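What follows is a set of structures to go through.
In what follows, chain A forms one complex with chain B and a second complex with chain C.
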Partner chain A sequence: MVTDPSARSLPTRLAADTRLFYLLPVLALFVPLLTNPYTQFVVNLMLVYVLVAVGFNIVIGNLGQLAFANTAFFGIGAYATGLLMADAGLPFWAALIPGGAMGALAGFLASVTALRGIRLYYLAIVTLAFGELMRWIYVHADVITRGTDGLPVPMATVFGLALDSEVKKFYVFLAIATVVVKGTSNLLRSRVGRAIVAIKDNEFATASLGIPTARYIVLAFVWSGFVVGIAGGMFAVLIGRVVPDSFGLIELIFHFAMVMVGGFGSLAGSVLGAIVLTAVPEYFRSFPGLEEMFFGALLVLVLLFLPKGLASFFARYLPLFRQRFYRE
Partner chain B sequence: MAALLELDNVSVHFAGLKALTGVSLQARPGEIKAVIGPNGAGKTTLFNVISGYVGATGGAITFQGQRIHGLTPHEIAAKGVRRTFQNGGLFGEMTALENVLTGLHSQIDSGFTGLLFGTRAARAAEREAVSRARRLLDLVGIGHVADQPAKDLSGGQQRMVEIVRTLAVDPPLLLLDEPAVGLAPPVRDRLMEIIRRLAGEEGVSILLIEHAIDLVMKASDVIVVLNAGQKIAEGRPEEIRRDRDVLEAYLGRG
Partner chain C sequence: MLSGIAQGAIYALVALSMTVVYRATTIVNFGHGDMVMAGAFVAYLLVVLQGLPFLPAAIAAVALLFVLGVAIQRGLIEPIKAGPHIGFAMMSIAVGYVLRGIARAGWGREVLPMPRVFDIPPIFVGDLILTGDAIAVIGVVAAFLIAFFVVFHWTRIGQVIQAVYQSERGAALVGINVSAFHSVMWGVGAAMAAIAGVLLAPITLLYPDLGANFLIRGFAAMTLGGFGSLGGAIAGGLLLGIAEQLLGFYVTTKLIDIAAYLVIIAVLILRPVGLFGKAAIVRV
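And now, the complex of A and B:
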């Protein structure tokens, strides 16, 4: 039976057209019209967490490895960017890229454990220990990191323009997040993304197709570390002070929850999960005690009714949300 | 014709277990060679040692005149030795199309930066692979399920996807591990017809593990019989049918 691609109906083609996603950053340009400085800060935080979740999902969702070094990538990116700005006097963009690179290096280190056959619960424990070790270093290498007092991050400038308001940070963050998410989407919808998902499904069968599995495991970790490292650099600039406690286990649970609520292995889901889980606790912050309750309730509800995350709910009605691993 | 694949006195001994002992065989272009034998005879081990999943403890394996034992599975696959697995090996989360595209991996030669930035060249290479994958699925009659997740397909369709995925790069040697098991007779016949055509028209060399003896007798040019890790016979189907050792070891005493 031969199907003619042009015979597919117009709605089907439109629905499958991921170019519609380009509308999102364009619409987001108008968000500052609706915010005050506080809500704008929360929106900026969402952009940071979009990259945190997108990066984390590559390793736990797409590659399917129980690696929990995400807060390590996040912290390393934050400290590297912050230190380069504070001590080397680099402008934001020139400090952010090495920040991402340091995250990538941490990703490489984490991948080495996975390659050496440390998998599943063992990998989980080793990577958790990595995150806690980094936190210990932030506290005790206080000559460099300023310890528990925190590292003050100077005002970021981009090509001479000082990011002295939340709105200015927003436009710069939006540009960074759009570029990094688009790059990740390009990778996932290519032979790279297919190789990574194939390894999760069946590593032996993947190798039987001539795909160097070890190389793609390293690549997934490195790209994940880079994306989360970039998020760390943005976080440093957004908060203005990098403290070790930002990168503990509670933070890790928060990252994991974003990916889970959004949907493992779904890029659109990561974006959605990060936005929802940044907004909900902030909204309930004004009702003391409710914040944690709503956070917990949301997790339980999603697990019960949408075990594959919010993305699976949208994918039911909008084919656009189905994660595809190719492009035509 | 010269041998494409040559096993010379290959042994695989695990601690205390002799999975294969001194097996020699050759595979030639355009030839379908069936490997039969009772359970535990070493058939799958034979495939695993050829494709690099287990190491040979003795002997030599050459493919197109080059030594391949000691290489990793993906290196051997990249040389053109492709295999299927007894229990599927499909990527269930991906669609049929994406499975076949994964098989075409090594033919899409775009670099990392090209893919990251979605350059024109990278997108063109991808588009070409997608249309080739769709054509291949159409060719075996399952083009209409190309966009469905592989895990939702019927057993026969899944087997076809796996075969197409394995064949997508036109490998000169194909190892099929029980491709017909669990298939309805019409699907099985169709599969066998495809296999025959591959050997006859494309000159692919095929090694085939199969339990259904009627199928083996009909489809193969040569039959190799393994028993307890050793090759006990090799010959044309009608010769094997008459072989005393084979009758005793495999078909039962009678």
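And now, the complex of A and C:
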């Protein structure tokens, strides 16, 4: 057996560093000490968008497919969770998991189009159409979804405890987000994650190594749909009313900007991008159009000067942000 | 039916301009709808606020968008040319977003009506009523298409375009400046989007998000006709416009909004190459 010390020491050293990430949720426990109800709401929104960005990044960054069905996953998760809570009277946790499962089902449908050889621009267009079609359904299936008036979501309860303040929501959301992000991190560092990145780099070469590419493409889409569906369920509870307009093209660009500014294919980047970009628009509320100009200009600048996103910028100085599941 | 053809003519123009850029540069411009919007808004600005007559305003809008298209290619696309293909799609989305933001900053959430321009009395042919709007739109688009295909097939410029479409490397070897060609084609694509926008301005209401509708319908028309096929884009646009009207008339008006999406999904799943496309298009 060949023992190459350098091959072993690199992952070991990096693994020691990444334990620092566990400090983040612990530190976050103290955030409510610094906030008022409004800023706490924004922080909760950040947690929702962390999952949105993490889920989107799996398909667009790690798998490298131009699939824009993210707002569809988000909306389906939000409506599924909201409807189960409002009409079936389920508690939050029991409604959230089917919400994620519906998102996963939508992810599966999107993956079927990708497997049929609909790729690149075709996939972008068909998934865009899927998202807009879902929005049309939210509006016109008003018997179920309450149409444009929006679906009122009742107060969430977790094991009998009512989430009647932003701080209580925060702790529940933080727990969910931590578990899902950690799960995604584990998935990406496993055989599955390496296969997904390999498919992005060269699908035919990956298949020639005996890796069942179709299965991993489906898996990536399903997991992405699940994560974003969960985020949708959290969004429904946070906002308290699910409206079709929350899942339009503007929202899609917002998701997209978070992933791109954070860095394609970088989990830490998605978290970072979501936190930064959720905070920013709050400053632009009173100026119509400024938000869009800002995001557009930001995307242009990132594309021109930092094509791998903020994560690559930090990776230059902090080993913590370096990719762990593969080497460039 | 006839208003369907008029709508379809505008879709055809949008789809054709997207195809022109796509064939020339292999980039799908996701900001194209916003260029249509920009063209319409510039025309509105010049006519309503500056008091210009419609025709000079229209020409100015088209010229301005041409310059904008060239500038986008020069300033934003060229520098990331070496990067991954996915970057182009994102850059075009970002540019469209900025345009929409500018329009919204200027006009907020208002919906702008523009005075009617095509003041042609309606013509009655039997039971048919041909409105002036429809006649003007169909007339302008038809004239433009004829001019476009004459240039494309029978002039030296057209030969250059066809040469680059066939092989960029080959074209570069015989002395065609491919990079300059890309800029010009971006300009032409943007100018054609502006023509669609200018035609649109007097016959509908203007709002900053109108581009998204045209982007999706342009895609639907391209997909239906065969992605990358010039004639297919036109046929697809006309068919889509007519289909929307017929669906709205015979089934329910609710369907007009999603006809384009249904067309895209159905075509891509059943016959991905479209009606007139060639299977040789690389879809990797």
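What we mean here is this: the second predicted complex is superposed on the first by the 296 of 328 C-alpha atoms of A that agree within 3 Å, B and C clash if a C-alpha of one lies under 4 Å from a C-alpha of the other, contacts with A are read in each partner's own complex, and residues count from 1 in each chain.
We adopt the following convention: a contact is a pair of C-beta atoms (placed from the backbone, for glycine too) under 8 Å apart; a residue touches a chain by one contact, two chains touch by 3 or more.
These numbers were taken from a predicted model, which means no experiment stands behind them.
In the superposition on chain A, contact is made by A:R191 with chain B only, not with chain C. By the touch criterion stated above, A:N202 is placed in contact with chain B alone, chain C being left untouched.
With both structures placed on the common chain, the touch criterion links A:G89 to neither chain B nor chain C.
When the two complexes are overlaid on their common chain A, residue A:G183 makes contact with chain B while staying clear of chain C.
In the superposition on chain A, none of the residues of chain A is touched both by chain B in one structure and by chain C in the other.
The touching residues of chain C, when paired with chain A in their complex, are 28, 30, 76, 79-80, 83, 85-87, 89-91, 93-106, 108-109, 208-209, 212, 216, 219-220, 223, 227, 254, 257-258, 260-262, 264-265, 268-269, 272, 283-284. If you check the complex, the residues on chain A that touch chain C are 64, 66, 113, 116-122, 124-126, 128-130, 132-133, 136, 140, 249, 253, 256, 260, 287-297, 299-300, 303-304, 307. By the touch criterion given at the top, residues 1-3, 5, 182-183, 186-187, 190-192, 194-195, 197-198, 200-202, 204-213, 219, 265, 324-328 of chain A touch chain B in their complex. Those residues of chain B that touch chain A in the shared complex are 51, 53, 72-74, 77-78, 82-83, 85, 89-95, 97-98, 101-103, 105-106, 108, 110, 112, 115-118, 122-123, 126-127, 129-130, 134, 138, 141, 143-144, 146, 165-166, 169.
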